[in-house]
Amino acid sequence: MIATEFPLWATLPASLLLVIGGLLTVIGSLGLLRLPTFFARMHGPSMGNTLGTGCVLIASMILSSALLHRPVAHEFIITVFIVIVSPVTAMLVMRAARYRTRVKEERRQQGLQREQE
Amino acid sequence: MSLVLIVLLPFLGSLVAAFLPSNARNAEAWLAGIVAVTCTGLVLNLYPEVTSGEVVRHVIPWLPQFGLNFHLRMDGYAWLFALLVSFMGALVVLYARYYMSAADPVPRFFSFLLAFMGAMVGMVLSGNLIQLVVFWELTSLTSFMLIAYWYHLSEARHGARTALTVTAMGGLCLLGGVLMLGEVAGGYELDRVLAAGDQIRAHPWYPAILILVLLGALTKSAQFPFHFWLPHAMAAPTPVSAYLHSATMVKAGVFLLARLWPVLSGTDLWFWILCLAGLSSLLLGGFAAIFQRDMKGVLAYSTISHLGLITLLLGMNTRLALVAAVFHMMNHATFKASLFMAAGIVDHGTGTRDLQRLSGLSRAMPITATLALVAAAAMAGVPLLNGFLSKEMFFAETMFAGEGPAIRIGLPAMATIAGMFSVAYSLRLIHQVFFGPLAEDLPRVPHEPTRGMLLPSALLVLACLLVGIFPGYTVGPFLRTATQAILGEQTPTYSLAVWHGLTLPLVMSFVALLGGFIIYLLLYLHRRRSHGHAPLLNRFDGGRTFDVVIIRLIRAAGLARRTIASRRLQSQLLMIVGIAFVAAALVAWSGDVHWGAAQLSPVDPIFALLWVVGGACAIGAAVQAKYHRLAALIMVGGTGLITCLTFAWFSAPDLALTQITVEVVTVVLILLGLRWLPRRIEMNDARRQTLRAKARRVRDGIIAVAVGGGMATLVFAVLSRPRMVDLSRFFVEHSLPQAGGGNVVNVILVDFRAFDTFGEITVVGIVALTVYALLRRFRPAIESVGLPRAQREDGARGTQYVPDPTELLPQGYMMVPAVLVRMLLPMAGLISVFFLLRGHNLPGGGFIGGLVLATAVIVQYMVGGAIWVEARTRIQPLYWIASGLLAAGTAGTIAWFAGRTFLTSLTLDLDLPLIGAIHLSSTLWFDIGVYMLVVGATVLMLVALAHQSLRSYRRPGAVAQSTDIRMDSRVASETQEAH
Amino acid sequence: MMPLLDGAIWFAQFCFALATAFAAIRLIRGPGAQDRVLAFDTMYINGMLSLLMLGMRSSSTAYFDMALLIALFGFVGTIALAKFLLRGEVIEP
Amino acid sequence: MEIIFALAIGVLSGSGVWLLLRPRTFQVIMGLSLLAYAINLFIFAMGRLAIDRAPILDPGDVPDPTLYADPVPQALVLTAIVISFATTALLLVVILASRGLTGTDHVDGREGEA
Amino acid sequence: MRRVPPIFALVMLAMWLLLNSSISLAHIILGAVISSLLLLAAYPLRPLQPRMRRGPVLLRLAFKVLIDVIRSNIGVARVILGLTERGKIHSGFMQIPLDLRDPHGLSVLAMIITCTPGTVWVELSPDRSMLTIHVLDLVDESEWIERIKNRYERALIEVFQ
Amino acid sequence: MNPLLMHLPVMPVAIPLFAGAIMLFVQDSRRTRAFIAVGAVLAQLLVGALLLYMTTDAVLDIWPKGIGVYSIGKWPAPFGIVLVVDRLAALMLVLTATVASAALLYSLARWDRVGVHYHPLFQLLLMGLNGAFLTGDLFNLFVFVEVLLAASYGLLLHGSGAPRVKAGLHYIVVNLVASLLFLIGVAIIYGVAGTLNMADLAPRAAQLAVSDRGLFDVGATILGIAFLVKAAVWPLNFWLPMTYSAAGAPVAAIFSLLTKVGVYAIIRVGSLLNESGVHGPFGSDWLFYGGIATIAFGIIGMLAAHHLPRVVAYSVIVSSGTLLAAAGLDLNALGAAALFYLCVSVLASGAFFMLTGMTERARTHFADSADTAPLPAETYGAFGSGDSDDPMDTEDEVGIAIPAAMAFLGLAFVCCALLVAGLPPLSGFVSKFALLSAAVGVAPTAQSAVHSWVFVVAMLGTGLAAIISLTRMGMRLFWSVMGRTTPRLRVIEAAPVAFLILGCVIMTVVAEPIMGFMVAAAEGLSAPQTYIDAVLSADTNAALAAEAAR
């Protein structure tokens, strides 16, 4: 599969990080399915966002550096972007969800009132 | 040369006439008269040549590739007709000068009259059958205009239309026939065709040729069953009727039949068709003429009858009959034109042409009465007038027309009966108009017309008399020249004498005279008050049938249009998809498409899993798109992501990059649009439950599955075949050394096939301009004009929220996102420049870079709001687009200055101190053009959509009042000032 | 030692594909629009990780750019969707 | 892999065609989007499938075309993606205009049968 | 006069060099030119510039956050996989009073909270004094308040205010 | 070669591009925009004429075989994109520029002001058209077709309003689907034959393995269907009448060229594929059947239509059908006539659409006479209602003097009607005659003599239908009882119509050299080896070798 030979110092930590990253991410996404409410589900994917991605990026840095025989760190930019960007998404999605559940609840209660009258 | 003049002069005259002032009655008449007289003179001048048997010609090459030359050819027969047309034209012009009212806009009249004359002469002189058809159709067109001269009258319009439709249809048939004739004869030249008679008659196409040519001739000559247009054409001004509908145009059909007589005649088919058509016209026309109320109606039906007589003669397949036919053509022209003129004089003098109202006019207008009497007598076939002579010949010919008792006895009998009709209607015409007590209640007081109006009629009557009394001296030589031109050596001997002894034809003539008198007497006694319709025939009104046919045709066409075409988009798409599928399937099936033999790669379960996701998203989108648009959009986005991964998987990084950026922008774009598509409420729609709706869904489902299967099959068929490497070999080999780029895909885009990219960015630019233009006139759906429900319900930024361009950060929940997203802007800019600059060697390029920058700008709009952003910066997307196009264009043209072709890449290697070697290429300039255009176009489209919200902001609560928005930041600055 | 790295890469990639599938299930099932938006965002992140894995598999740095773009712009779609849910329009006046 | 690729295109085009034949404008635009994916993958497939062979050359590489994925279909797909992006944008705006002017989101501008 | 914090320009330049994986002079010059042009062009849309002091504090904070992220990842994984002792989790909203007012500081706090699985930033009151967060495994509110105020907010106030 | 002459083939693309781009910078000055637009169009006309001249035998020293090949970039033919100027392409360029200059001038009267960006879109449409006619590459053809379609969307929607938007929606969706088919076809052809160059396609298709033939044919078929949608063949043309009648008059006029792009592509690709023995849908019986069905549909539509723009739109369908049927019958024999017909029909429908713009205004001027007239002419007599027993009605037998404006409109209408119906004396008849003559000529030799006769009957039928329909329309427009106010006729609107009609007149008068050119162009189509050789052996190969040597 991989044409290039990597030195051991790169292979071992990279493999470990990849396995951890993969597991964290898949567990996080599993949370999307398993957790009961939307607000609880919000927490699942952030596992993949943070540590999962971090592991993979570090693994990538190690492997690229080994490949090119010099330190490669451009994966760091991805980390920066993810860190900057994820609060924006989280805040807006959260707020939208709050608004929608509130409205839904209000409607439900209006409906109940109307039924009572 | 004079031949050309004869044809050309009338057309020139027509052109001049059209530009004369509308009240220049005299100038017009002088012009037309001079033209007609000159033509007559020119024709007469050619008599010596023609009578010696010579054929005068003039050939101008025109379309030799198709054997088509402008060929004027005058032999004796053509000469006779040319004379008829031009001389009669001169008389009619004189007559018309006095007939047309001073208030009539005569330029149009004389212009078309002259054009008609030219067309008629051209037709007669055509030495080429196609050219003949051209002039033939021209006579139809000019006669259409002349009939409709008084187009404010509904009969005029209707009559003109009927005439045109029938005769033009005949003309088309004639064209078809002539084309076949030319094919068989090996050319369209009349001489060639005339020489190929035997060949043509023996050819298997002969019946078709004959029928087509006869359709042309019979419609033009108003023969049964196409006769009906002629009476309707009487709505034309009387000079027109006299000229076209008696003397010239209706003769075109029989003229042609005689012209082609040596080629087409002599067969049974010819005999039967022409005899039946001619006889029917002869009898029916005569019969119907008896009962008309309108003077011109009588004359029109009489014309049908007389033309029937000529047709019948032509159909008899004997040479003497042909001579008689040609003779009667001349005679009929003289007396009928004269009668029309008389009818016009009566109409003019009294204000009516109604036979029942008119009476005793011989007291008021004796000269007219005399002239009409003589002409009518000629029409009735009274001895010592020209009509008598040709009718005598006709009677004689009927007896030898064919074998068998039915024909031998029947035909003469019929001819005699027709003669009776002729006598009867002539008698009626004269008696009811000119005899009896003078009518009192006429619209005008009857009076004799001016001499100018009488003169033409008088000349014609004189001709009737002269020919009738001295046929051998007057018409004899001309007739001989004419018939010799047709029959050549085989011209029969005949004698033109008033007295041939007491022959059977003479007896028939007298029987006809007597019988006609009796018929009129009976009619006069019993049916004084005619309704203008002939008994028995009333139900078979050709004109009405024609109208019904036309209307039925139009209705049927409407019905057919609705049946075979749909204006529904779904049907159209179904057609396209279905036909493409069926056609491809048929070809595949007949071409035996099967899998190739290339080795397949092993399945990777991860990839399979990804496409389970992608497929599920696609199907989910298909299911949800009607009521849950947002869900469908998200699912389509999911499919797009998987597509992007697939590109990346199979070694297409540029594609993956482009796909993902386009994907994001598309989602934003459609979301911007969803704001203006009001929600669809899912309800238990009864219409969805009907059997038809269900059937349709099943059908569409089957089609969808079939198309999907077909596409999969095609893809697999290709994938299982070995790859074609020729093109990629060239690109891979030349990419680095000669184009200077390592990323072959990008090199293809900006160098090898830069022209594609050139077009592609133009498309993007065009679309942006269109979107912008369309949104300027955007009228949103009423339900969506107000603030979105979410904003009304969510108190955080209430309905009265006013964006403040001076505030540094948005208040409330948007504050933190604004801080972060604004921080991202320069970084995104950096990334976009990065992609732009490195595209040539690694994935990237102007398009991706441009989309990155555009997206970064759009996100600023999302967090800051349109007004805030535009108050702080002026983005001029249009200029970006224009600059992008110009940059790409100049990158192309710059090569010209190096003597290279468009879009050839030029490179410049600089070695700068400190920095080192710098490699500049015109492809980078090109890519910068792409970049700028994409930035401009994307921003323009998205922002133009976003700007639609300004209307609800500017008029909170207002409904559908705003009509226009302005694009640039002027809006923002205005609102800024307003606060 | 190569099989180890190969296996790790394959495993991680499989995990990301599976995670994508989980997200897709949530995307299709809903029930709320917010669930779909969240799932969409998750799919993008997982997609980015998959791309990085492809890059590692082929020892190519070309895939890094795609991951970069998703990191930078994957969120744009999400916040547009969220804003649409929240405000009824993506770009307000 | 080929069979999965083919099936993927089949599913995309099937869903796209189904949506294309629906009466609502939004369904049509979604259908066209799906079809565009399908067609892009289709064109791409004409260069056959190649893993780890991105057509990106380094100066030292042997320019052997069989070592690289076919770049031609990739370039064609790029053009096609861009064009379909542009036309989707235009269609969207026309759909909005049509909804506003006709009062319905039916593709024919008037409510037909379901 | 427009003033862009030099630190931001340096970040941009670093990013450019990272992207191009090169520290050649040509790239430094090019990167500097492009970065400054972009920063100038983007300035109108970024009217509020951060004021930062005491960079090292930020580094220490980053290290602390990294530890917290790893810990909470494990915690959330256990919750998802159903490995918690209680079996049923109890998640909910809670409010934290804040002293931090600077938008950039608040942004960094938002990043931290978002990046830590188990907590989500929900809402900041309009006067920026009260933060609502959602916690997946909400056992003891005061513990969370303590953690955010002491571990994160204090350092952020030091840097940004 | 003279450098100006050398770059001439790319000018028809470059000029409108630059004109369009520059116009975007001068948004405020309508005058400047108009000036640039007119200049650009005239320049294109000039360039087109020069190119046409260069393809003729008159100047053998420039392009030896009358085929100019211009490579874009320095890449030789099967690899790079080349522009090929043969007689057919040059003819289409001149035709485009002619109609465009008329339409542009016409639109300056008022039509360009009902929306924004008319002129840039117009120029870019021309760029698309010219590029489509010039390119020698299948995918590049797709791109330029997209350019012209995109611009046509913009121009169709120019001015907005419900009818245009409704029609535009259908038009866009249909064309998007057709474009997808186009892409599928091109892709399969590339996947199987490995080339995109049209000239290169012919030899490659001929050399295909038998097992690949079927798949190639599928690709060619799908491509052909895409072309047929653009060429508006029945039943893929339901969008056309609505679209063309909804567009503004000058836009519709220029649209009359668009269907011809589809026809052009079919003829071009068909000619090359025929050489290889692979037909697909090109040059086959199915093309003929489609053409005949299209003619029939056009006839029905013309008869059924109640508005003049629709009638003209259906006449465009008829002309498309005629061309396809002619191509399907026997392109070698009918080619010259078909090309002549193509030119005439484009000029005629262009003039007619523009005329429609003026008469529609006249109609409103005359208080909607046609609609409020008590009885349409065609009902006269049929149901006894309009038929008067008394022929001596005291209606005024004094004619109506026609104002000059109406006279012009009427005359122009008659000319257009004659052209469309193929009646003498204008070139409509010449083209129809040439087609019929050729069709009759092949009847005895072709194995499908029936086809010839069907074609002849269809052609004659179109003439009849046009007469019936257009007299109805003309009488409604010009002869209804109407007020005596005269519509204001603007020279800038009248002149273009007259210009196009004059073009048709010229084609009648000097038919010989024009037909000679058509014959040569058709010969080029029936013997495409010259084209193939010219493209594949263009001296760009030498240029590349020189480049490599440096």
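Lettered A, B, C, D, E and F in written order, each chain numbered from 1.
Keep this in mind: contacts are C-beta pairs under 8 Å (C-beta built on N, C-alpha and C of every residue); 3 or more make two chains touch, one makes a residue touch a chain.
Nothing here was measured: the structure is a model prediction, and the numbers come from that model.
Shared contact partners of chain B and chain C comprise A, D.
The set of chains in contact with chain B as well as chain F comprises D.
Averaging Cα atoms per chain gives one point for each, and the point farthest from that of chain E is the centre of B. Remark: the per-chain Cα centre closest to the mean position of all protein Cα atoms belongs to F.
The chain pair with the larger count of C-beta pairs in contact, out of A-C and A-E, is A-C. The greatest centre-to-centre distance from chain A, using averaged C-alpha positions, is reached by B. Per-chain Cα centroids separate chain C from chain D by 20 Å. With each centre defined as the average position of its C-alpha atoms, the distance from chain A to chain B rounds to 66 Å.
Each chain gets a centre from the mean of its Cα atoms; for chain B and chain E, those two points are 73 Å apart. Computed centre separation for the pair chain C/chain F is 49 angstrom, with centres defined by C-alpha atoms. Within chain E, the positions touching two or more other chains are listed as 15, 19, 107, 110-111, 121, 123. Across the assembly, chain C contributes 10, 13-14, 18, 20, 33, 37, 39, 57-58, 60, 62, 68, 72, 74, 79, 83, 85-86 as residues in contact with two or more other chains. Counting partner chains per residue, chain B shows two or more touched chains at residues 567, 569, 573, 577, 649, 651, 653, 711, 714, 718, 725, 727, 731, 752-753, 756, 760, 763, 766-767, 770, 774, 777, 790, 794, 813, 816-817, 820, 823-824, 827, 831, 842-843. With chains as nodes and touching pairs as edges, the resulting graph is of another kind, matching none of line, ring, star or complete.
Chain pairs recorded as touching, per the definition above, are A-B, A-C, A-E, B-C, B-D, B-E, B-F, C-D, D-F.
Only residues 8, 12, 15-16, 19-20, 24-26, 29, 34-35, 38-39, 41-42, 44-48, 103-104, 106-107, 110-111, 121, 123-124, 126, 128 of chain E touch chain B when the two sit together in their complex. Those residues of chain C whose C-beta lies close enough to touch chain B in the complex are 10, 13-14, 17-18, 20-21, 24, 27-28, 30, 33, 36-37, 39-40, 43-44, 47, 50-51, 54, 58, 60, 62-63, 65-66, 68-70, 72-74, 76-77, 79-81, 83-93. If you check the complex, the residues on chain B that touch chain E are 808-809, 811-813, 815-816, 819-820, 822-823, 825-827, 829-831, 833-834, 838, 860, 864, 869, 872-873, 914-916, 918.
Every residue of chain C that touches chain A in the complex is listed here, in rising order: 1-2, 4-16, 18-20, 22-23, 25-26, 32-35, 37-39, 41-42, 45-46, 48-49, 52-53, 55-59, 61, 64, 67-68, 71-72, 74-75, 78-79, 82-83, 85-86.
Those residues of chain D whose C-beta lies close enough to touch chain F in the complex are 20, 25, 28, 32, 35-36, 39, 42-43, 45-47, 72-73, 76, 79-80, 83-84, 86-87, 90-91, 94-95, 97-98, 101-102, 107-109.
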